[in-house]
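Right after this note come the structures.
You will see two complexes here that share subunit A, one where it goes with subunit B and one where it goes with subunit C.
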Partner chain A sequence: MISNNRQFVTGAEAAVQGALDAGAEMMYGYPITPATEVFTIWIKKGQKYLQTEDEIAAGFGVCGAVIAGQKAFTCSAGPGHILMQDAISMAEGMRLPFVAVIGQRGGPSSGTVIYSQQEVILSCFGGNGEGHRLVYSPSNLDELYRLTALAFHEAWQYKFPAIVLTDGYLLKTKGILDETKAEPAKAHPLINEETFRHWRNIYNFEEELRDEVLKMENDFAAAAKEAARAEEVQTDDVEILLVAHGIVGAAAKEAVDILRGQGIKVGLFRPITLRPLAKEKLDKAAAKAKKIIVIESSLGQLARLVRDQLAPEISTPFDYLQKPAVGIEVEEIVNFVYGI
Partner chain B sequence: MLFKILIAGDGGQGVQTMAEIISKAAFQNNKHVSFVPNYGLEQRGGASLAFIQISDRDIVYPKFSKPDILVLMSEQARERAKLYCDELRIENKELRVYNLNDFAATIEAQNIKPFSHNIFLLGVLALVLGQKEICEKEKVFELLEKKISQKPGWEDNKKAFAAGEDCFLMASR
Partner chain C sequence: MEFKPAKFCPGCGYPIALMLLAKAIEKAGLSKKAVIGLDIGCALLAWDHLPINTFQTHHGRVTSTMLGFKRAKPDSFCVAVTGDGGAYAIGLQNLLHAAKRDEPVFVLVINNTVYGMTGGQSAPTTLKNQKTDTHPEGNLDEPFFGPELLKNLVAAGAFLARTAVNEPKQMQEFFERAIAAQKAGHFSLLEILSFCPTNWRTRGAETIAYLESLKQAFKTGEV
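Take a look at the complex of A and B:
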């Protein structure tokens, strides 16, 4: 069925719309393909922005603005994303509702300007901390819209940095957006001008920092109960469990449909959040399966997350379909499953 | 129905303009559409590709390796798109290739200028896609007119579009 509010938009437009509907007020940024359009579309819509001298400044701009209660965000990609981790790490340490849309491009370094899934570890663990950040991986335009809006809600609710981790293909794809409008997120100044607060980003004693990090770990685990999301497809009687995220996750879902049609008991675990990972759902599906296939446009970044989080008593063997820096189509996934 | 079109040319030839117009025309024909541009970091002169998919249902993945139609507009593009130009699929009529070179005689006879080559091929595509009821060729022209009629060279472009249509009609007879 085709509804009336369907729009023909690019991924970048969908992300900006998600931010606007969540009530975003300000953007700091430094252009880099394929995330530039998120910034330029925001500017063209007449919104407030500041183009800084680099991604480090853009990131710290967001840190300052959110402390004042402004729903600010940024976008970046590839080498820009590396620089931005400086500010994201501070946001993690100071528990700031930092929001970023990241468009993965090929790496290392400037790599390509187009596509990869090689910024997974950087997004999840790119700081000198313990990876206390929310990382969302949208699989299509609707989800890119919805998760961008959600990033604002959850960043402000849990006070962890929130990264919408997408890629150049999805940001540049023009397709159909057909979503109900997201609610605005609630924000408030994290400190008043009149108040004096000793708000630390550096600690005198190791034990103080230890306590702080352990508290963050507790809060993160508590947040994970609600914030960890995954889509499960046909996992009830699953024998071969596919694990894939982002647009590769969308391709894997289609592959499950095709393979099921041919009587093969395939299912999919698609993390919608890479951090925190929906661990219990993963364990449950993985324990049933005879084989787990992790599929990604990288040499094992998702696989590392999955193996790390999987309960140690689960001994299901792994297989991998890994194509660094290029896309993975439905047909390739179907053929790979046939091949094993 | 899932129909896949790959347009390949040089940056500056108007590949993305063609793709934008076709995608929009199909969208306005109530189809599901996905269009993803693909090019390197050159501002001009690099290979420029456009992957378009049109369907009656949701399109799950933006890229593909087996187009139904392949449009080739330059030497560089032919090289870049080799991967997609499967001889066996051409033989089996699963893939139709529209190569600018194959239209050289018409282009010369009708004096179609280089800046209108993309519009000429858009005329060809409009007719092909119109026949398949993927989009209406009148809609394609309407969108083209809206986009570029205020720019210099509109008369040439209009002529090129019509010539593309005619040329294809002649060929299919």
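Take a look at the complex of A and C:
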């Protein structure tokens, strides 16, 4: 067990520390704000790396490395993340423990680099498959550290690609990282010298692929029992349920405290994993509430996931606070709740 | 050495090249250490053909995948099998940089002058005036010479060559050279001019004659 005491770090440093503590061995990368520092800090720590010619090569380098049994990862953002989906799609199809730290950029196109929650759908469903990926959304430094380490553990345990979905704000934030104590993840070669493996991602018959996808779906549902995570705040007697993730989730949590102080029965459901979503917890909280407010720095990418996953018999009405590509302050959330 | 039945068209050049590759690997004592990555193109048909660890990748991405494998497991012998389209069109950027960095992987390019898998469209290697599905009136520009292009980029010790599937002796020699290059820590690329009777719409002797005619444009030998 690796144990460091409290440190003053940036988000990028926290993510790198999480990767290191999980035993990451190799990084492939191509610079892009706001993810670049994850790569350069990794390099400054003297770790193995390769700066590739583009994100496509970085992504496929990770694929090759993990097939050989190496805990490799990459980082990217926005337009780079789009290119990387080629490799993530192969990783999904071949069940490769691919790990990426993604700093969302405001989009479309090259957009902006600080606030955005516009890569939610891309992370969760950015391939020609069914979205069998683990997508983590940290809300603060400590979580960025822990979820980056967890991404390695769960990618290798469940053999699904894992994305730590953060943003420029959190990656650049400086703060105290509480004691870090992630265990190294266990890895093993997916091809070895003793058994000749013949491994495809192209199928001759539609039915073969259907069976393969259904098996993945089963495995994903089984993994979700442990891997789907959410934080619930004051949901026992909730009347107004806020739903928010990442740094917006952190603002929503503060808003809950303020509003509770004024006697308003507000609670928060904060998905820690966007894929798989902690469906049962969501249903339970949503069924109690009289109103659900989905709050996000996007025009409804989280809302789409939530509405899609919510049990159909739950008829609680929705409201939305959506600010594409900009941050959302605690006061705005408080005022929004007052307004309804 | 056992080969599972190939799924290539009758008269295809791929299985000839792959069989000699497997033999060279066996002769070098590398059957267990060898790993073959397949680009998407007709190469993908070899996924369970050889008694060697083999996996499919994505179109144009086999070089990047195999260098990731090789860096993680330096004692492996990594082969990236790709078509001319995978190597010189969609995957060119990755190929150039792998060569420039002298990544110790062996890139085996099967040059059939067309996109075989998708039914005979033009490739970067398609000859000027050659008729394909995407240039029914004849291709407009000159073909692409991969090993020659890489020549300016690679480090001393890298191996670049071109041969043809009807030159078994030279193929065997070049496979040995590629193995030696990787053992010494260097990049290698061997382009093999190969039969595609299906898309050339040729039969028997015609197919061989067409391959021979390709040697006029694509010079065989070490580059």
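Following the convention adopted for this analysis, the second predicted complex is superposed on the first by the 332 of 340 C-alpha atoms of A that agree within 3 Å, B and C clash if a C-alpha of one lies under 4 Å from a C-alpha of the other, contacts with A are read in each partner's own complex, and residues count from 1 in each chain.
Note that contacts are C-beta pairs under 8 Å (C-beta built on N, C-alpha and C of every residue); 3 or more make two chains touch, one makes a residue touch a chain.
Keep in mind it's a predicted model, so treat the numbers as computed, not measured.
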Combined model on subunit A where subunit B meets subunit C, clash or fit: fit
Which superposed partner A:Arg200 touches (first subunit B, second subunit C, both, neither): second
Touching partner for A:Leu242 - first (subunit B), second (subunit C), both, neither: neither
If touched residues of subunit A are counted for subunit B and for subunit C, the larger one: C
Touched partner set for A:Thr52, first subunit B, second subunit C, both or neither: second
First (subunit B), second (subunit C), both or neither touched by A:Ala72: second
Contacts of A:Gly61 with subunit B and subunit C, given as first, second, both or neither: second
Subunit C, subunit A and subunit B - angle at the middle CA centre, rounded to the nearest 10 degrees: 110
Touched partner set for A:Lys174, first subunit B, second subunit C, both or neither: first
Distance of closest approach, subunit C and subunit B, by C-alpha atoms in Å: 26
Subunit B residues within the subunit A interface of the complex: 20, 23-24, 27, 30, 32-38, 40-41, 59-66
Subunit A contact footprint on subunit C (complex, rising order): 32-33, 35, 37, 40, 44, 47-48, 51-58, 61, 64-73, 76, 93-94, 96-97
Footprint of subunit B on subunit A - complex, ascending: 2, 8, 33, 112-114, 140, 169-170, 172-176, 247, 250-251, 253-254, 327, 329-331
Complex contacts: residues of subunit A adjacent to subunit C: 25-26, 28, 48, 50, 52-54, 56-57, 59-70, 72, 86-87, 89-90, 94, 189, 191-194, 196-202
